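Have a look at this one.
In this document, chain identifiers A, B, C and D correspond to the written order of the chains, with residue numbering beginning at 1 in each.
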Amino acid sequence: MKIEAPRPMFDTSELVLNMGPQHPSTHGVLRIVLRLDGERVVDADIVVGYLHRGIEKLCENRDWSQIILLTDRMDYVAAASSNLGYCETVEKLMSVEVPRRAQYIRTILGELQRIASHCLWLGTHAMDIGAMTVFLYAFRERELILDLFEEYCGARLTYNATRIGGLPLDIPPGWDKKVREFCHIMDSKLGEYETLLTHNRIWLDRTKGIGVIDGPEAIAMGLCGPTLRGSGVPRDVRKDEPYAAYDEFDFEVPIGTEGDTYDRYLVRLEEFRQSLRIIRQAVDGLPEGPIVGKVPRLIKPPAGETYHAVESPKGEIGFFIASDGRSTNPYRFRVRPPSFCNLQGLRRLIRGHLVADVVALIGSIDIVLGEVDR
Amino acid sequence: MPSTSTPKPVPKAKAPPAAPTGPVDPAPPEDVSEPDFLTQLRTAHGAAIQKVSYWVGDWSVIVSLSSLLDVVKYLRDAPDAAFDYCSDVTATDWPPRDQRFDVIYCLYSTRHRHRVRIKVHAAEDEPVPSVTDIWPAANWLEREVYDLFGVNFVGHPDRRRLLMPDEWQGHPQRKDYPLEGPGELLMENPQDWLRLRNIRDEAEIE
Amino acid sequence: MVDTLVVPLLKIIILLNAVLVAVTYMVLLERKVIAWVQSRLGPMRVGPYGALQPIADAIKLMTKEDITPTRADRWVFTASPIIVMVPALIVFAVIPFGPEVELFGRSVPLYITDVNVGLLYIVSIASLGVYGIILAGWASNSKYPLLSSLRASAQLISYEVAVTMTLVSMVLMAGTLSMVGIVESQREAGLWFAFVQPVAFVIFFIGGLAETNRAPFDLPEAEQELTGGFHTEYSGMRFALFFLAEYANMIVISCVAVTLFMGGWLRPFPSVEALGFLDLVPSWIWFLFKTFVFLYVFLWIRATLPRYRYDQLMHIGWKVLIPIAIGNVVVTGIAKVLL
Amino acid sequence: MGEAVIFYVLSALILGFAVLVISTRNTVHSVLFLVMNFLLVAMLYVLVGAEFLAVIQVLVYAGGIVVLYLFVVMLVNLKRPPEVHQDPRRQARLGLAVAGAVLAELVAIIVYSSASPAAPAVAAAGQTVEGGNVEQIGWLLYTDYLIPFEVASILLLVAMVGAIVLAKREL
């Protein structure tokens, strides 16, 4: 006997909603094809590649020092971190010693960059959830950092701030004082952000329990940076595999407990403070000395491969570089982009949540499409 | 004046250096001792290891393609190795070689805080088992390698192009793929290029 | 003849123009207030301190291309902005801006009409505005507007229940549905009803935020989620109508709140003789001032708070506000009988 | 005289929109005409001096119920006719039955009203209530028609609970 399944009263079909590549909250040219049941996300397909410029291929055809300014164009809101990562990798390949003063200044630049990037993240993330004032507050402080960078290297977005073996420039006179002043200002402004968000009832409702992912799963998914630390994994390249001058400074790696959007928010807010702490220590202990190590005029690393990672504001940015030892350009140049790996986890995070949470979660993993697509 | 003057030796145009045939992968020097997990890997999967190399502080292991999955599973699960974090999956292309691709897995252990690189050699169409079951993180990374190199991953749950458009021809990151893209026509006259491509597409459909 | 036709007609013309100007300046006020909260300046270019910005905006909107999507339902698409705008304007007919005043030797009431079902009239006309939003979303034949109009209709209907419940308790207090009567009864009680009915006041205000689609309940037009919502596909003057209607509705809600809870045109503490000098300020100024305070709070909230999520909004509406509002009605009724 | 003209114009419009409601192919348009219909009926109420009824008509029917109609019409794909309606003669038969019932009702009303002209309701309720018709309706509802009123509210409550039980997949 055949038993027929009861016929549903109405045809309910899933709505396919194409979010992006032009959408105010996808932070660039990200496209998400959502399958919705009402407003609930059944599944999602994340489509990237709209900003693919072939930077890896391009880098394999540029000489070693030209590549630095291409790394600016990947994570364009945290250019100094990519600069630093690339230069450190080449230095590792060539076994070049970088003077301590340069290491310190690099650390200061890296941490200023982290604060600037986190400011942009905080602003856009809060904006996505509807708190528009935080956006302008955060940009106000980011502007101060851009001014500092401008004074140091003349650029406000794509800094080209490091060189293989050291730095292009010493810090201008009085710059360290301004950095200290900035730290002082930033400390009080952090309180303003927190007043608007941290204990705000609506903010809590919107972020707590959204996109929960536990530590082991986050590791398996390859999440990195604050997104991974929000799940309670104390993984930070600065601590685990110290580079630049991080092993000389005292700082903590904040971690979350629940692994939800709120924890990722708290982790990044605490990172603001830790970065300020590092900057203060670095400025206070800034050693005298040269700013460039012993590097040949023509950079031609010996044949070999290496992978080296630094902690960018988004997470572990790794460079895998192969040199054939003969030509003046890398044989293989590969970037392990943190935004890319975090974006991969988005599909897992948004499943079962509402459309409004999709927007919150895109903000929560802090991606830059220039880096995802390269 | 000698009538038969020997022509001046024309400075020979420097021949472009022959394409490199592969990475150096130097063996570890005597004074560097192997980490424990490598020694144990040798005992557990000695047959699979083709070479262990060390360069500027990085250990890398070349394993045979057929036993890739066994080795990485061992590395993830063995308590002394515990490589639970797959940092990166990438490839390098060495066209003169028979097995032209090196597929490289950069692994990290959040427990022991050490790294290792696993490498396999693969020919153009040779199937490479996907490691997505071991690290879900490898999903997009393998898709990108497939997209840009054309490495033939098998067992991948969602093997589509990632960065390039779905209908793209060729794999741009290969060494024999022209830097300027699919051809000069695209750069000089995109309209014609598009028309040609459409004609080609229609021909394919028929 | 003059009293029955000319004066009301004049009043209607003056009021309509005043409302439209107020609405355009409301937009400017919003930009200014939010800019100040965010440590910016806001519009500064057109006129002194940007005072002529609304005019520039109007010219821009009127000269913009008017786009109708090819696959839109042409008639409904055209009608929707009108359907939204008309109720927002005709509600003003029963708002009392002041009592009868002597003007040119003639006693003129500062309202257009005083019907004995004034409060119900406002509620029922305001409930028609939702049609414009639903139909705009549907007629655009686009997915984001459709989602938005579903959100809007669910939200407006849910919050209407809570708001109407608070009105019931106010009617119990005043014993009349006439807007003028409600103000008069506050004069007799010598107290603004906001002090007698604080719960109803808060619920009415929250419901009012939701009814006007204002932050933190601006889900139907959340640009970060639905790219602008139901008016995504609209451009030029049709878009402007949606925009103006939203601000007109804000003014309506503020006026109603002032009338019901803040004593309308009455000065603060109308029964305290010692404050008699406050009567020197004309009554309609008091009314406008109180309305302005409400509007300012609307803007202040928008600049401060994040946005609720759809399910949380429904949760607040059905599981928090409506039970409290019903309880408030019961308590008010019992108190009325006992006292 | 003026009132009569307005009445006939309104009635004609109401009938016209009623025809449009059932003759339009597009369901959403049809619902819209229904709204127009309700609004015009509300105007009729105003014409006879029943402002309260008029406002309630707009509030409940136009503002509440039809919005829900629209909601359902927009959400549910009604393009494909359900299978039960495939029988072409079914509609004709049903229509005939309904028409007959309506005709019978009309006849009954005419016969009944001409046989015994109803006393004005307000007069029946007693003249004690002063003021607008809000008070009068309130008075009537809570005195003479208390039981029907309460029964109706219980009916609505049952309907609401039933709808929630049906809609909620697991309780």
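Everything that follows uses one rule, which is that a contact is a pair of C-beta atoms (placed from the backbone, for glycine too) under 8 Å apart; a residue touches a chain by one contact, two chains touch by 3 or more.
Predicted model, so just to flag it, every value in this text is computed and none were measured.
J.: Can you list every chain that touches chain A and also touches chain B?
T.: Touching chain A and chain B alike: no chains returned.
J.: Using the mean of all protein Cα atoms as the middle point, what chain has its own Cα mean nearest that point?
T.: Going by the distance between chain centres and the overall C-alpha centre, it is A.
J.: Of the other chains, whose C-alpha centre is the longest way from the centre of chain C?
T.: Greatest centre separation from chain C goes to chain B.
J.: Roughly how many whole angstrom separate the Cα centroids of chain B and chain C?
T.: 64
J.: Distance from the CA centroid of chain B to that of chain D, rounded to the nearest Å?
T.: 74
J.: Roughly how many whole angstrom separate the Cα centroids of chain C and chain D?
T.: So the centroids are 29 Å from each other.
J.: Need the CA-centroid distance for the pair chain A / chain C, whole Å please.
T.: Averaging C-alpha atoms per chain gives centres 44 Å apart.
J.: Which positions of chain A touch chain B when the two form their complex?
T.: Against chain B, chain A makes touches at 48-49, 52, 54, 56-57, 61, 92-93, 95, 216, 219-222, 233, 235, 240-241, 303-307, 309, 316, 318, 320, 322, 324-327, 331-332, 334, 336, 340-341, 343-344, 373-374.
J.: Residues of chain C touching chain D in their complex?
T.: That would be residues 73, 75-76, 115-117, 120-121, 123-125, 127-128, 130-131, 134-135, 138, 146, 149-150, 153-154, 157, 160, 177 of chain C.
J.: Across the complex, what residues on chain A touch chain C?
T.: Contact set of chain A toward chain C: 15, 17-18, 23-25, 39, 126-133, 136-137, 140, 196-197, 200, 202-203, 205-206, 354-359.
J.: In the complex formed with chain A, which residues of chain C make contact?
T.: 34, 37-40, 143-144, 147, 215-216, 218-219, 222-227, 302-312
J.: Write out the stretch or stretches of chain D touching chain C in their complex.
T.: 26, 28-29, 32, 35, 51-52, 55-56, 58-59, 62-64, 67-68, 70-71, 74-75, 131-132, 134
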